[in-house]
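Letters A, B, C, D, E and F mark the chains as written, and numbering starts fresh at 1 in each.
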Amino acid sequence: MKTAVYRKEHFNAAHRLHRSDWSDEKNQSVFGKCNNPNYHGHNYDLYVKIVGEPDPETGYVMDMKVLSDLIKEHVTNKFDHKNLNLDVEYFKDMNPTAENIARVIYDILKKHIDNRYDLTITLYETERNFVEYPAG
Amino acid sequence: MKTAVYRKEHFNAAHRLHRSDWSDEKNQSVFGKCNNPNYHGHNYDLYVKIVGEPDPETGYVMDMKVLSDLIKEHVTNKFDHKNLNLDVEYFKDMNPTAENIARVIYDILKKHIDNRYDLTITLYETERNFVEYPAG
Amino acid sequence: MKTAVYRKEHFNAAHRLHRSDWSDEKNQSVFGKCNNPNYHGHNYDLYVKIVGEPDPETGYVMDMKVLSDLIKEHVTNKFDHKNLNLDVEYFKDMNPTAENIARVIYDILKKHIDNRYDLTITLYETERNFVEYPAG
Amino acid sequence: MKTAVYRKEHFNAAHRLHRSDWSDEKNQSVFGKCNNPNYHGHNYDLYVKIVGEPDPETGYVMDMKVLSDLIKEHVTNKFDHKNLNLDVEYFKDMNPTAENIARVIYDILKKHIDNRYDLTITLYETERNFVEYPAG
Amino acid sequence: MKTAVYRKEHFNAAHRLHRSDWSDEKNQSVFGKCNNPNYHGHNYDLYVKIVGEPDPETGYVMDMKVLSDLIKEHVTNKFDHKNLNLDVEYFKDMNPTAENIARVIYDILKKHIDNRYDLTITLYETERNFVEYPAG
Amino acid sequence: MKTAVYRKEHFNAAHRLHRSDWSDEKNQSVFGKCNNPNYHGHNYDLYVKIVGEPDPETGYVMDMKVLSDLIKEHVTNKFDHKNLNLDVEYFKDMNPTAENIARVIYDILKKHIDNRYDLTITLYETERNFVEYPAG
């Protein structure tokens, strides 16, 4: 049986849901008020879950300071106080839905976390709307 | 790997735990203060989890507005500000424990959600007592 | 300058807003879904604020254990898992609105708390509706 | 002694802090990452406090449904999923700091709330930064 | 499909992370500020998850009062307002990391809970650092 | 009318309530489980409230980054992961009750904050026990 550790971080960002290959009517119909051309924004709460075996010497699955620094360096420093559509390259051609943001964060962190760990991302767009990738 | 999306809704309701085929003593002994004949109540927090694949065009697993409307139409509009024992038919012959309420909500929503999605219900009776169906 | 100490307690109860001297139509029009004849309920969060001078020997304005026991004995044990309209005498002839419940709790606790302290009651009916008496 | 009632609402919006009469360097130095030219955003939690006397017949200081509808009509429907700088006229020539947003909301609601009530606005920009107007 | 029930309890304790077989430098380097020789402390939030089948007569997977009493008797009464390193025997030779505390709580409760139930422990050391055992 | 701004910070610390001029029996009787000789601990949540006039140019009462840095430099860096009784000079001869900690934090910050501002400290020892100085 393995142990999971979780670290919570957060970032504030603007975004807009829109497809330039769709008409304004279709964009408005599918994305509703999230299609506002001048952007809107959220306080995103991010939970990173790491599953592994505690080190018998330290009792840590992973040092939370190391994990927190990894998340800050590769994710929140690049997303915080940014416009996800305009300032973050991953969303140049992909809508910054919570689902897509979670998968992008997974792909970013996966490269920086040892393969013996399993990784799950949970992202709260609001207290009432949140996503998990991969789904548990 | 699939993605989960969650939507939080809530409702306030009265309930009582009681079996009419048991003596008052047995009811009191098993259900304690939840057996109060004049009912008591809760603010229920309801989380609905949907697991699927994000649509490549929209980036949505499911439109949260559609999911929220489904939950409101079929669940919270029927449970909110109600007496679960007297006003909600599912509990005519079944105790409205959190476990049973969660399963009833699962059964209601399952009929309205496409079969390609997996569905999980989490129901908070209080901040300290909550249930999940089916168990993850 | 004085110091305030706060203690949080909670109780779960059923209630209904209704005036028997009004028609059903007027009750429904004024109290809406809170008028449901079979009652509904809430998880009430109760904050009791006491203002005074810290005792120079102990550093306490008031022992939180003593305050917690007072609240439990005189308030939450009498309100928890009860129907406020039917089981709690104060609401025999007065609607158990959050405003009235807060004032009743104030009047109850005022008798048991030394006069050198100021007392304020804050009562959350839900996370989004709450009241304070007396208003700060 | 009066009673206070509180209603919580929320809205999600983008904003940017910037003065066009300042140099880019001064804007960056004073407003830091809040000066990002492409905007960023927040989930704003808004608490509206109304102080008055409970109506002896209803037990209400003010009907929370009426208050909630007023806030939605005049504030959150106009601010939610908007870019405060570009979409909300009040901020055409004034920085949408939390302090200024709270005062604008106060001025808007003051016109729609009977003068016998006192009004206070509390606005959370994040869980860790929030403001109150007028200060209690 | 089974049902999960969860109970939240909490305790406040002091701890220190340290290995007496390591140099002070290595302890400081690995455990950082958690190595403070005079201890520091936390408010721990503990969630106990039990998975089983609801009893068809009561509608309960397990009586939450029974579960709460078990947790209090065997865990929180022994950990609350204690120094985990000095006062709790399990940590005489093992660092009280959140990972190890969760596993100890699992081992303690496992003995007192019927084998037909699955058990999971989630322990929050802070709102931002928490662990789960076994990992879901 | 003035505006209040609030900043939330936090620290984790160990403490013990004890008077060396009292007998063990009296200490135990007055301070209960908070008298544990090996210390216990808390996650303290600290809210600092500043009341003033927003600067007409910036729209800020006070730059939250400046306030956050002040609190970190003078308070949380000195209290976090410390034993309040042993590591923090202010409590050498004074019990680290929440009341006294709040007043100490007030006295520390008062020296670093311009006199035109009013200052209030709110300190949560747990979610259920908290204090405010000076009392509002």
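In this text, a contact is a pair of C-beta atoms (placed from the backbone, for glycine too) under 8 Å apart; a residue touches a chain by one contact, two chains touch by 3 or more.
All values reported here derive from a predicted model rather than from experimental measurement.
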item	value
Neighbouring chains shared between chain E and chain F, ordered by label	none
Least hop count linking chain A to chain E through chains in contact	1
Graph distance between chain D and chain E, where chains that touch are linked	2
Farthest chain relative to chain D (centres taken as mean CA coordinates)	E
Proportion of interface numbers common to chain D and chain F (over half same, under half different)	different
Angle (degrees, nearest 5) of the CA superposition of chain C onto chain D	120
Selected from A-E, C-D or A-D, interface repeating E-F by over half of its contact pairs	A-D
Averaged-CA centre spacing for the pair chain C and chain B, given as whole angstrom	28
Centroid distance [mean C-alpha coordinates] between chain F and chain B, Å	41
Distance between chain centroids, defined by C-alpha means - chain C, chain E (Å)	34
Where chain C touches two or more other chains at once, by residue number	127, 136
Contact graph of the chains (line, ring, star, complete, other)	other
Listing of all chain pairs that touch each other, if any do	A-B, A-D, A-E, B-C, B-E, C-D, C-F, D-F, E-F
Contacting residues of chain B [partner chain E, same complex]	17, 19, 30-32, 94-100, 102-103, 127-136
Residues on chain B engaged by chain C in the complex (per definition of touch)	10, 12-15, 33-34, 36, 38-43, 80-83, 86-87, 126-127
Partner chain A, residues of chain B touching it in the complex	1-9, 51, 54, 57-61, 63-65, 118, 136
